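Input: structures, listed below.
In what comes next, chain A is part of two complexes: it sits with chain B in the first one and with chain C in the second one.
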Partner chain A sequence: MSLQIEQLCSAVNGIVHLQDISLRFDPNSFNILLGPARAGKTSLLRQIAGLDPPDSGRMLLHGADITRHGVRKRDVSFVYQEFVNYPTLSVFENIASPMRVRSEGRQTIERTVHELAELLGIGGVLDRHPPSLSGGQQQRVAIARALAKDAEVILLDEPLANLDYKLREALRRELPRLFAGKGKIVVYAATDPNEAFLLDGNTVVIDQGRIRQVGPAASVFRAPDNLSAASILSEFPINLLDANIRNSSCVVGNKLTFPLPTHMRSLSEGDYTLGFRAEQLAFEARTQSSVACAAKVAVTEITGNETIVHLDMANRPCVAVVEGTSSLRAGEQITMYLDPGGLFMFDSSGQTVASPTRSAQR
Partner chain B sequence: MSVAKRNYPKAWLLVLPVVLMVAFNAVIPLMTVVNYSVQDTFGNNQFFWVGLEWFEEVLRSGRFGDALGRQLLFTTLVLLIEIPLGLMIALGLPKSGWRASSYMMLLALPLLIPWNVVGTIWQIFGRVDIGLAGSAINAVGIDYNYTQDALDAWITVIAMDVWHWTSLVALLCYSGLKSVPEVYYQAAAIDGASRWAIFRYVQLPRLRQVLIIAFLLRFMDSFMIYTEPFVVTGGGPGNATTFLSIDLVKLALGQFDLGQAAAMSLIYFLIVLLVCWLFYTIMSVGDSQPDTRQ
Partner chain C sequence: MKFRKILPRAHVIFILLPVYWLVNMSFKSNQEILSTLSLWPQDFTLENYATILTDPSWYSGYINSLIYVLLNTVISVSIALPAAYAFSRYRFLGDKHLFFWLLSNRMAPPAVFALPFFQLYSSIGLFDTHLAVALAHTLFNVPLAVWILEGFMSSVPREIDETAQIDGYSFPRFFTKIFAPMIASGIGVTAFFCFMFSWVELLLARTLTSVSAKPISAIMTRTVSASGLDWGVLAAAGTLTIIPGMLVIYFVRNHIARGFAMGRV
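Our next item is the complex of A and B:
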């Protein structure tokens, strides 16, 4: 009993939107489609909704083939990034609209609308019209409408993207609770890796129309399968340097050489891409094995309790995040320390060949 | 304070061109008409003050009432046909692609033709001897002659106006429909909304403003129609298609009854103003409520 997508492909005007997508979503699951803009998130949601037919592949809901079912035959509801409600209908009628289409009884509608409005905290505005509400309330109405449809599959396409910071935080905390225990398959598209962590669901990392990795956000973060998953599930861009392994040491450029850490010992000699997250760079050595690297400061950004330092390291742009506020000047030559226990190594095709062991993480 | 005072004469200087323009093309001609409407002359360029006598005469005369009645009927019929027809055309047009632009061009064509040319086209088109429509209708056995039969004349004049102006309504509505974001249609489809529900709850709210504009434009224009029926029927047969402006010209230039014509123009002007204000107030009544924003 689940939604199964098998080898789905889709292209529009020769441009591939989705390539060989195979996924399985279980009832009562909260799934996050995480990827940058144009990754294929919306395309995949549209496929699930039946708005676009696939070029090849199948889609099964509870074992029944629904690939050829149009949007009206699919049992889905959709929440958009824009707040899509009927502007001339009251909030009550907006929430009631999917039930009116199903010709539900008056009492059922009345009760369900009030229940959903209470759940979403919009009980006080049932008589008002959506355009007179705040963005957060409008999106709550749209979510209530999606829940009122009582569809098996609920699709949310970056529903929080157009909300301001505070409303986004509030609604994000509530979302998993709203859908929990209803037996629904929820698919939530997001660009922000923080949403994947905070919503804490099954994360599907998607990039350039392909699935890069599937799993809980924390474990994808810890052990990304490939370069794409590692960089997408990372708040700051992951730092990448060309590296070469020879004689049991790692050589980066012509200045930086360090012995291979334990988790990389099994790698054969050759060219690789060295990856590390912004948090792994520090002003002082954290462990005895920390590697000192020369860097030139490009820009510093202070966010209150953290400083984001943009650096030039081995002729590549790198980002470091350090605690506290630091007063580095642009162009200043500094030494940063890198903990080799937290390094990733990717091969030329972008596959992860070494990722830090759990204990090496901070 | 001193800055504002120093700039004060300069500001007036900047407004002056507009004031002069409006004075010369609106206020002064209107005042001339007012001047004529309250005076009478027996020649020799001598004028006598007659007060509101001309107005009383116009309003008491059956002639004005008849013309006004014909005018109201004409405008009502034209609006009843053009607004729904234009809306339906707009709904049926493709949303994009080369077909959309070619339809757009076809629709814009009648709007580009000058009024008197439209009149001439239909005058010839409807003629029973050489006109394509006129002779074809008679050939299938229907007795049609717009120069002799009042009903035929009305049908011709209305068909002409519909041909000339439905495009305007269609184009206005089409632009309104284009402002509906695609996600609304998707959301409605996912909700399982019917075609009617999509029109009623998704499209119509967005069309409200353009429909008000289309309605007002078509009301004013059809209420002041002159050239086309003048060219086609000349107001006839009899007085069957003598609308207000045709009657006004007959009075002013045909009989040279300037005082009465001036009084009639002012009444005519006030009617247009009043009806426009009424329509606008009624139709935009919901605008103060938040539900039509978005």
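Our next item is the complex of A and C:
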């Protein structure tokens, strides 16, 4: 009993939107499609909803083939990024609309609408019309309508992206609770890795129309299968340097050479891409094996309790995040320390060949 | 008074002067119109209006005009609604060309079509019926209605259609319950434009009718009796002809600018 997608492909005007997507979503699961803009998240959601037909591949709901089923025959509901409600209907009628179409009884409709409105905190605005509401309230109406349909599959396409910061935080905390224990398959598209961590569901990392990795966000973060998954799950861009392994040493550019850390010992000699997250760079050596690297400050951004330092290291742009506020001037030559235990190594095709051990990560 | 206040006032006076003169005349007797220049009726009379409202050869003109104008408005809007929806929502072979070709129908002068319509309607027995004029006027009004409605429909996000489909609405139900109310002002403006063009059109209406469907505008142009022109009655008829247009424009006054921009604002 689940939603299964088998080898789904889709292209529009020769541009590939989805390439060989195979996934399985279980009932009572919260799934997050995580990827940058234009990765194919919306395309995949629209395919699941039946709004666009696939070029090839199959889709099964509870074992029944629904690939050729139109939108109205599919048991799905959809919440758009830009709050879509019927502007000419009151909030009450908006939420009631899927039940009205099913010709439910008047009492059932009234009871369900009031329950959902209470749940979403829009009980006071049922008589108003959506355009007169705030963005947060409008999106709550859209979510309430999606819940009112009581569909097996609930699709949310970046539902919080158009909300301001505070509302986004509040609604994000409520979302998992709304769907919990109802036996629904929830698929939630997001661009922000923080959303994947906070919503804490099964994360599907998608990029350029392909699935890069599937698993809980925390474990994808710890052990990304490839460069793409590693960079999508980093809040700050992942730092990448060209590296070469020879004589049990890692050589970066012509200034930086350090002995291979334990988790890279098994790698054969050759060219690789060295990757590390912004948090791995520090002003002082954290361990004895820390490697000192020369860097030139390009820009510093102070966010309050953190400083984001953009650096030029081995002729590549790098980002470091350090605690506190630091007063570095642009162009200043500094020494940063890198813990080799926290390094990733990717081969030329972008596959991860070495991930740091768990204890080496922050 | 400042110059910038004088100018708009002068403008309004210039525009309203002929209308005022028409209304002024309609309340005068023929003798007063022809003998003296008076700025307002010296000898106020309602006789001209009484003549029109009691004489069937006069008031039937209004009834005929209203029948074919309303008939035309209903036909034009109901044909244009599905057409505009298709142009707004679907991509099909030659859609852009077809859309432009529709408008190009309006580029030919109506006189071009007077002869073929006259011959066609005579041979199939439609001549001198309200339907004949109503159908002839759709030639101009349907393209216009499609263009205006397409503009209004395209400003409704496609996601609304999709959401309704997901909610389970059938197409007819979605169109009447959700979509039509959202473009209600567009439908109103479109109906107004159809009404207006059909109401003021003279050439086809006169050519395609003789007695039983004769429009008011044709009656007004043929009222030269043995005793010369009946000035007062003509002025009253003119005043009454302005009124329906004024009423209709009152209801769409807030949306009319968007209508002139073909809904694309």
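Just so it is clear, the second predicted complex is superposed on the first by the 362 of 362 C-alpha atoms of A that agree within 3 Å, B and C clash if a C-alpha of one lies under 4 Å from a C-alpha of the other, contacts with A are read in each partner's own complex, and residues count from 1 in each chain.
Keep this in mind: a residue touches a chain if its C-beta (ideal position, glycine included) is under 8 Å from a C-beta of that chain, and two chains touch if they have at least 3 such contacts.
Just so it is clear, the structure is predicted and the values come from calculations on it, not from any experiment.
Trainee: Should chain B and chain C be called a clash or a fit once both complexes are overlaid on chain A?
Mentor: Result for chain B and chain C: clash.
Trainee: A:51 in the overlay: touching chain B, chain C, both, or neither? Say first, second, both or neither.
Mentor: Once the two structures are laid over each other on A, A:51 reaches both partners.
Trainee: If you stack the two complexes on chain A, which partner ends up touching A:97: first (chain B), second (chain C), both, or neither?
Mentor: Both chain B and chain C are touched by A:97.
Trainee: Check the residue A:183 against both partner chains and state whether it touches chain B (first), chain C (second), both, or neither.
Mentor: neither
Trainee: With both complexes superposed on chain A, which partner does A:36 reach: first (chain B), second (chain C), both or neither?
Mentor: Neither partner.
Trainee: After the superposition on A, what does A:270 contact: first (chain B), second (chain C), both or neither?
Mentor: neither
Trainee: Please indicate which partner A:259 is in contact with in the superposed arrangement: first for chain B, second for chain C, both, or neither.
Mentor: Neither partner.
Trainee: Tell me which partner A:129 touches in the superposition: chain B (first), chain C (second), both or neither.
Mentor: Only chain B; A:129 stays clear of chain C.
Trainee: Touch check for A:324: first (chain B), second (chain C), both, or neither?
Mentor: neither
Trainee: For chain A, what residues appear in both contact lists, the one with chain B and the one with chain C?
Mentor: Correct list for chain A: 49, 51, 71-72, 76-78, 80, 82, 84, 86-89, 97-98, 101-102, 145, 149.
Trainee: Would you pull the chain A residues touching chain B in the complex into a rising list?
Mentor: It is residues 49, 51, 71-72, 74, 76-78, 80, 82, 84, 86-89, 97-98, 101-102, 128-132, 145, 149 of chain A that touch chain B.
Trainee: List the residues on chain B that touch chain A in their complex, please.
Mentor: Chain B reaches chain A through residues 181, 183-184, 186-187, 189-193, 201-202, 204-205, 289-294.
Trainee: Can you name the residues of chain C that touch chain A in the complex?
Mentor: For chain C paired with chain A, touching residues are 157, 159-160, 162-170, 173, 178, 181-182, 184.
Trainee: Quick check on the complex: what are the chain A residues that touch chain C?
Mentor: 49, 51, 70-72, 76-78, 80, 82, 84, 86-89, 97-98, 101-102, 145, 149
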